[in-house]
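Read through the structures below before going on.
Paired with chain B in one complex and with chain C in the other, chain A is shared by the two complexes that follow.
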Partner chain A sequence: MNNRNDLKSLELTVGDVFSKNARLKARNVNVFYGNNKAIDNVTIDIGSKEVISFIGPSGCGKSTFLRCFNRMNDTIDSCVVQGEITIDDENIYDKKIDVVPLRARIGMVFQKPNPFPKSIYDNVAYGPRIHGLSENKEHLDVIVEESLKRAGLWQEVSDRLQSPGTGLSGGQQQRLCIARAIAVSPEVILMDEPCSALDPIATAKIEDLIHELGNDYSIVIVTHSMQQAARVSKRTAYFHLGKLIEVGKTKEIFTRPQHHQTEAYISGKIG
Partner chain B sequence: MFNFYLLSSVLLISLIFFFLGNNRAKNLVKLNQKNLHSLTHYYGVYSLLVSLLPALGIFFIFTICDDLIFAELIKKYIPKEVVASKDYNFTIVLAQINNSVEGLIFGTPPKWVTNAAEIWISWIHKSQIITVIICISTALISGFLGYKKISGNFRSRNAVEKIVMSILAVSSVIAILTTIAIIFSVVFESIRFFALIPYDEFLFGTVWNPQFEGAERAGSGQEGLSQYGAIPLFAGTFLISIIALCVSVPVGLFSAIYLSEYATSKERVFFKPLLEILAGIPTVVYGFFAALTVAPFLRSSGSIFGLDVASESALAAGLVMGIMIIPFISSLSDDVINAVPQSLRDAGYGLGSTKNETVIKIVLPAALPGIVASIILAVSRAVGETMIVVMAAGLAANLTANPLEAVTTVTSQIVTILVGDQEFESAKTLSAFALALTLIVITLAMNFYALHVVKKYREQYE
Partner chain C sequence: MNNKIITPLEASNKVKKSIAKRRAKDNRLKLYGRVAISLAVCFLLILFYSIFSKGYSGFFQYYVTLDINFDRERIDPKGDLSDNSLFDGEASKIVNESLFSIIQPQGRKAKKQAKKIVSSGKDVRIAKMVKNDPSLFGTTTKVKFALDDDIDSFLRGYIKRETPESERRISNKIIEYIDKLNEEGRISYEFSDYILSGSASGNPEMAGIKGAFIGSMLTLSVCLLIAFPLGVATAIYLEEVAKKNKITEFIEVNINNLAAVPSVVFGIMGLAIFISIFGMPRSIPLVGGMVLALMTLPTIIISSRAAIRAVPPSVRDAAYGIGASKLQVIFHHVIPLAMPGMLTGTIIGMAQALGETAPLLMIGMVAFIVDVPNSIVDPGTVLPVQIFMWADFAERMFIQKTSAAIIVLLGFLISMNALAVYLRKKLERRW
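So, the complex of A and B:
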């Protein structure tokens, strides 16, 4: 079994990397930290209104790759991205692209809940305010309420919108961060291990939420938990040492992995 | 020299005990084949500390006390007619005797002074011998006792831990006691001042015009000659401080933001030390920069616009003082801005904020308590600053809000009052202490407030 893929696996990804109604397309993406190659020649499509999870052992580059989609890697001095990533056939690494509206189109939720040290209301209103999305105060109130409702937080916080966002529990904080990302009405939401700092109950709530949001947004979720990937996503991509090893329907990846490394990972031999 | 030899020999004795203790521990291991509680060198260090510390303590007590005791004893040797005379002052007589002891003889001192000095010298010799005997024997005895204690079961590691802890505690107590002593010395002189001049005149009077007139002001019919209203001084202090803050807060804060948010790590490594050099320039250098460069420049550029700028103006002193406190604000603010978690910045960027929006709307509000604290610390620094204002702000106690005029500050008045000859009983001299006390109270209050602000908002992000 080992011989079957060993040579090819260095260059080729197993499974179907392309998607019929692709929204984000990554073509031959390489990422370097200084002289270190963190992502090696990755090509993948992310479909419209699709939930896809990136799995793989620690340090395999899945978070780095995720951060290419909204150019968050720009904030790291030594990081260089090569290749092409397009959103609706527009290259986001084009020199003409303004990164600020791009990041409004592609929202992000981080590993550790990071609400601003401001009130719950101001946390959610931050994005609409800087992008001028609301016409007046009432409209802003509507946006805030709508976003909190979609994030499943409205019932818990509607009576204390002016209390600090940092006073919420970890799970509530993470849903607040999701509400904050939704408030600018993005097309894609990137989630970088959104549940790794949360307890199982809060995790379950977030997973339900991802499930629901998947009806309206493209969601890319990086996760350490294979059960989580299995629960929330339709497609799964397995990364190893900066390479995209295998992409496929979640069910098939977890039941019939094509590549021996994927199999080794999901059966707990690497990790 | 004598003290140096004595201390060296005490140190030598304790070093010998170190080796003795160390060897004894090693021998214990060899002979008994038994494991000691601690590593052998801990036994050595224990013997060293046990022999050194008591001897040092006794040495310092003796050195501090012998002058006090001698001063008490010498009273017997001052002739009765001298004590009885009208202008007898024990402090002056003591100074005379001490000068004579040290060989500083001015003119021909009276016979009894030379006698007393000889007696004093003989006491010094006796006390030296006693100190040597007691110190050395203490070092030997306590060192020997510590050495005897060494056995397999003795926990020298814990004992050394305790001794080290008490050394650290004593050091911090010394620092606190010194602060208290400074405050008390100022308080006592201030009480004497307020016995001569009423509180309300000092705190609320608007004219500062001290004159030497001795302690007999009250009831001598001289009221009105001197006036001790401190308001012009504090007004001047705050005027200059405000000008200084107008310079240093924007410049310091902006450079902190640049350094922590915009500069690459290479630029940061280059610029930050350069900025901190400002803090290393002696204030007297700032003083003549203000007096010789900035003030004439302001005067000449003022005359272009038809403004009458005094050659010693609050503006010149304030501007230069502002430059001086830039590093306090920039360095502290840089630290607190750096302490804002990167995750908050990421969240801002992730929502599509520009760098500027992230700094203004997220980073600065999160860092605000620390920034406020740095500004308040800079204010107390500006209020207490002396050299620049002495050289550049003038000495005229004008009550004015016009920065182009000469003003004076609390600190520069204290300097002018206490520099040179002064009679210690006069209200003018004592007023320096009252000013200092008020200044201490104000700066302490500001520091407390700064700490309070920091504490109150510290846990905002986390």
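So, the complex of A and C:
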């Protein structure tokens, strides 16, 4: 599979798309919305315990590609995904694969905070409940508390767990969504512009969290902020018009981009 | 390009100029709105005023108080208070005797006329009284009896003294008797104990809406139990499960068409399917409820689908994102959020069904049924049909009864709508 000569996309992508201890592998992935090709022949590895950023101009397909990893694109009728994506060498687009456990393994945080219209507690407890992760009430309490702590929200909400999750501020809501995602102990977390609606302080909190989570999880983060990409990720992938243009160490992408399009974007000429 | 864009100064001048026009437009629109609303409120008030002012008298009727000697031998010859024994007794005779002792009719003909002053339900009333309270036996007690409907109409002034006797429904003699009873202070105008607890009856003074009311409740319950689960399930299937293709599109168009089908057509269908093919009995609330369920289904489906569509996609994404299955997304998130809308639609549908007459006429719920239905398979009728029937009867007193029944129906409707508003407020999550 790693035979580099098989992969046409290498002609397009600059840099090293492969990773030594790859957890997720995408091979020649194409995504269509009806007749519209949104992702064009993308190949990339995502290592275990790696934080990787997806950057690129608006509409280039970052969200679309991100949503391929937990098959969220299945919920869009017109969306067709071709190619192969594996997690631990298991094809997630295999007919035998059930999306429910898959999505429990690969959590997602959306661009817009979307807590359930339920209490803070129920928001976090929802995942463990439906997947049957807790043995009893006390255990569930522990999971909720631990998840909220890791998401850096515990101090702010510990005394009002029963109040509605939608009553929190935008930044708190986003951290609640992160707590909800990590409550089911996923192996990978996909984050689609998690800080786009947040102020610098909330953003910093979430970035700290990503740093910390990066020790245990694989994290893919889509961001429009190059500073953020530089702060949180070791690796960065640059997308343009549905194509993966360049992948590499974040530092190198930002200081010495190989591809002229990457350079144009970094220096503010595109996007 | 640049020379086409107007300068900020020009722009602000233009905006200023247009603003007066826009304000005027806004104000005109506001005015139209206010006029429309006040007109609607006016009409509503007039409607309510005319219904209530004319109809409330339907809840009252005239009674005569007579001294009844509760002689056990004569009322309950077998002495066991059984229906049989009470039927064999002479309760009517005792009432008549008491009446005659006051008005003193002379001769067979006069007595025969005088008997009719008191409603023919007098023996039933006495039987009921002694059954409830056997200690009445042996006493002489004052008892109130409904007056015959013609007398009632006379006392209300609908039948006039000045009318020549030959054109009047009651004779001069009777008027004389009534005057006598009046002089003795035995005639009273009171809240009718027949209108709410009586059933259909050929005697207008004894007719009540209990049977029809219970029939309406039973019919609506059947309708709700069938239409709500079916409608909500259909809506969920069409919105959440079914693939959007030609077939679902076709179904959708047809559901929308069904909502516009005249209700009488559903009645004919019910007649053809439930009664002719399945051989179910006529006039029963079960069939009535099924027919009304067919009629309300499109309303419930359409409003439920709208409610489901209004559930924010972000909530769905969140649930799918954490690994909820389709069923879990539907039951944990979509249904709770859509429930207020679904319920509102359902209650609107039920309110429609409550007021429906035509389809029920088709399946024979118009039959004259004296007994109050005890279950959904007992023959019965419903409020609007009862109103329809009463409005058709010749006796003057049925007009008041009709108005009273209409008030009850309106009250029923208003409380259902109030329930809808309450449920909506209660279930709607404000977070």
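Basically, the second predicted complex is superposed on the first by the 260 of 271 C-alpha atoms of A that agree within 3 Å, B and C clash if a C-alpha of one lies under 4 Å from a C-alpha of the other, contacts with A are read in each partner's own complex, and residues count from 1 in each chain.
Going forward, a contact is a pair of C-beta atoms (placed from the backbone, for glycine too) under 8 Å apart; a residue touches a chain by one contact, two chains touch by 3 or more.
Since we're looking at a predicted model, the values are computed, not measured.
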| item | value |
| --- | --- |
| Superposition on chain A - do chain B and chain C clash or fit | clash |
| Touching partner for A:167 - first (chain B), second (chain C), both, neither | second |
| First, second, both or neither for A:47, with chain B first and chain C second | neither |
| Which superposed partner A:57 touches (first chain B, second chain C, both, neither) | neither |
| Partner chain(s) touched by A:100 [first = chain B, second = chain C, both, neither] | both |
| Partner chain(s) touched by A:114 [first = chain B, second = chain C, both, neither] | both |
| Which of chain B and chain C A:83 touches, first, second, both or neither | neither |
| Segment of chain C intruding into chain B (one of 23-31, 77-85, 131-139 or 167-175) | 23-31 |
| Overlap of chain C and chain B interfaces on chain A (superposed complexes) | 70, 72, 75, 77, 100-104, 107-108, 110, 112, 114-117, 126-127, 130-131, 164, 166, 177, 180-181, 184 |
| Chain A partner contacts - residues on chain C that touch it in the complex | 243-244, 312, 314-325, 328, 332-333, 337, 429, 431 |
| Contact set on chain A toward chain B in their complex | 70, 72, 75, 77, 100-104, 107-108, 110, 112, 114-118, 126-127, 130-131, 164, 166, 177, 180-181, 184 |
| Parts of chain A lying in touch with chain C, wherever the complex brings them together | 70, 72, 75, 77, 99-104, 107-108, 110, 112, 114-117, 126-127, 130-131, 164-167, 177, 180-181, 184 |
| Touch list for chain B against partner chain A, complex | 264-265, 341, 343-354, 357, 361-362, 365-366, 460-462 |
